[in-house]
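Should a chain be cited, it is by its letter among A, B and C, assigned in written order, with residues numbered from 1 in that chain.
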């Protein structure tokens, strides 16, 4: 086992104590009163908190909180391109990095980014790059760093929304802000908006329902021009159900626009 | 003083302030920025704290997990601190493995835990030779505006102070641990150390404006745990005494903060 | 700590650790030293002022790059932590403004660690810098002291004993180990590294004791350099 000389020695493996406890997990997503685990209705998103300018050292920054899910994002640039091969004469380069804090999830995370981190950074890049006027920043790069402080579901929508807000805060020219929303599909008529981590789609949750439509859908939207920048669908969904889920997501993302607008305006008033 | 001078002649700009015994942000030389401490912002961690010293912001989350003890020390649990200075907190840092500054900071936190005997490692033992707790203390800087180590120490101590561990017993038949989350015991902290950093300015006509810094770690019982000054211009004993005195004063203020947050 | 006001007894180092220094031991370096204090031994090689990549150059002064290497393997965090002390001392002692856009590369190799490692490494580095003929503002002198409480009888309170240049056994027995670096001109403090809980009063005593011990190290420095110069003249 190669040891990391740049960090202190840690035990080779350790177990989450919750694995050995007797915590009862709810078997269904809705209880008998049609309520979800955190007391919401099926189509009710969590309250969102957004704030610009939390990191004074960065060109622009934003903080997003969806109840327990907490995401902080900062933007640096436009600045020189360090790697020669990334140099582009006619447009700028957008770099995205999404990282989970080691204490953000139930199990302690490794410091070295895993495949999931790389994939999430890619999804983030795809969702926000259509909104940035990259042709206005030739020969330079813009860096977006997102840190997930706590993960209680719907991390990607929070990351995308806060990243676009941070870009606005940095004064980067954009076509529009990006808002995002996700749903958990658990059957034909069941779209759970803004799922928490226990509601998120996983292999373990599959066999509890007889409906084959099981999955997650996320949509990133440019709300004022009403264009979709990215759709992510995981799981098995019939095309009609998928369409329904996309509509629900788009509607929910559109609703975020006013909150985002308010937080931008309040950051300018300061 | 115009804003332009600040960028064109930063040294001259700073010197003109120091001549009047103030700093550009209106602080006096001995004045420490406003410190705020918030315990328990991260619910996924077993103990957490957010510290702000001026604009500098540091978060620490402690994750407690179960592991096998080492052969050499079968009755001792482990504490693994780590300081992360991500590219998010300042333009100075790059993506990738931890910078030298982060590595030195991690070692500093480890030294502090060992020297001050912050936590009895025997307290973290569940079953000797079989099962012990490992506490991962991850300190992440969110905004680096100087004085990161001071904030990191407060965050780490306050986070450890808020840790509650579930009771664990061994099932004799299956030899697997059983955790009971109804019986939570708070982690015992032996002392409340506080770090105070100083920077020295050379009064000579030197291009370099700062000449070395010093970090002092003390607790309210007049114990001096660490006094590290990694080089710099020479300082007199009088200056050293002055710094020691100031750090003891500072410790008293921060210990009040620890206690206020902990009891609430 | 039971009683803070009890008397410190300074024992003469028993027996005083023997210093030894061989300079110019490595042929390819600009300056080198094999330096030992007791059983602790450190080898240092200095290259510089040397060329540097353009993007790393400093316009107005030279850079100091210290590589602190353990006996085997690659440097861990503990070595990197001590490295900053050696680097800090060198950065201030060397007249960096004389050599802008260059680098001083210093490789410090631990041969054997038997206590007082940091002070031994700093002294070794200074001797190597001397050997390389690099202009310095002053000569830094490093001294390690350890402080332990000793119980003489059941009736008396334990007294603090300060040991100069402790070995590994004495270091582990002590509750605090302190390393100080002074300049040889004004005897002011340049750099400190302390480990262990102590009271400010005990710290003050240690500082005094360490300052008193610098003379012996400085005398040794002078002798070594005189010997080296004399040997050079004979050839």
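In this section, contacts are C-beta pairs under 8 Å (C-beta built on N, C-alpha and C of every residue); 3 or more make two chains touch, one makes a residue touch a chain.
No experiment lies behind these values; they were computed from the predicted model shown.
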Problem - Contact pairs, highest-scoring chain pair - result: A-B
Handout entry: Chain centroid nearest the full-protein CA centroid
Key = B
Completion exercise
Between the Cα centroids of subunit A and subunit C the separation in whole angstrom comes to 51
Handout entry: Distance between the centres, which are taken as Cα means, of subunit C and subunit B, whole angstrom
Key = 27
Handout entry: Set of subunit B residues in contact with two or more other chains
Key = 103, 106-107, 110
Handout entry: Two or more partner chains touched - positions in subunit A
Key = 6-8
Problem - Residue numbers of subunit C (touch at least two other chains) - result: 77
Exercise for the section: Can you check the complex and tell me which residues of subunit C touch subunit B? Expected result: 1, 60-61, 77-78, 80-81, 84-85, 87-92, 97, 178, 181-183, 186, 188-200, 203, 207
Fill in the blank from the handout: Listed in rising order, subunit B residues that touch subunit C in their complex are 100, 103-104, 106-108, 110-111, 115-116, 207-208, 211-212, 214, 222-237, 240, 244, 248
Exercise for the section: Would you tell me which residues of subunit A are touching subunit C in their complex? Expected result: 5-8
Exercise for the section: Going by the contact rule at the top, pick out the subunit B residues touching subunit A in the complex. Expected result: 41-45, 48, 55, 57, 59, 61-68, 78, 80-82, 84, 86-91, 95, 97-98, 103, 106-107, 110, 134, 136, 138, 140, 142-145, 166, 168, 176-181
Fill in the blank from the handout: Within their complex, subunit A touches subunit B through residues 6-11, 13-18, 20-21, 23, 54-58, 68, 70, 72-74, 76, 79, 97, 99, 101-108, 111, 143, 145-147, 149-152
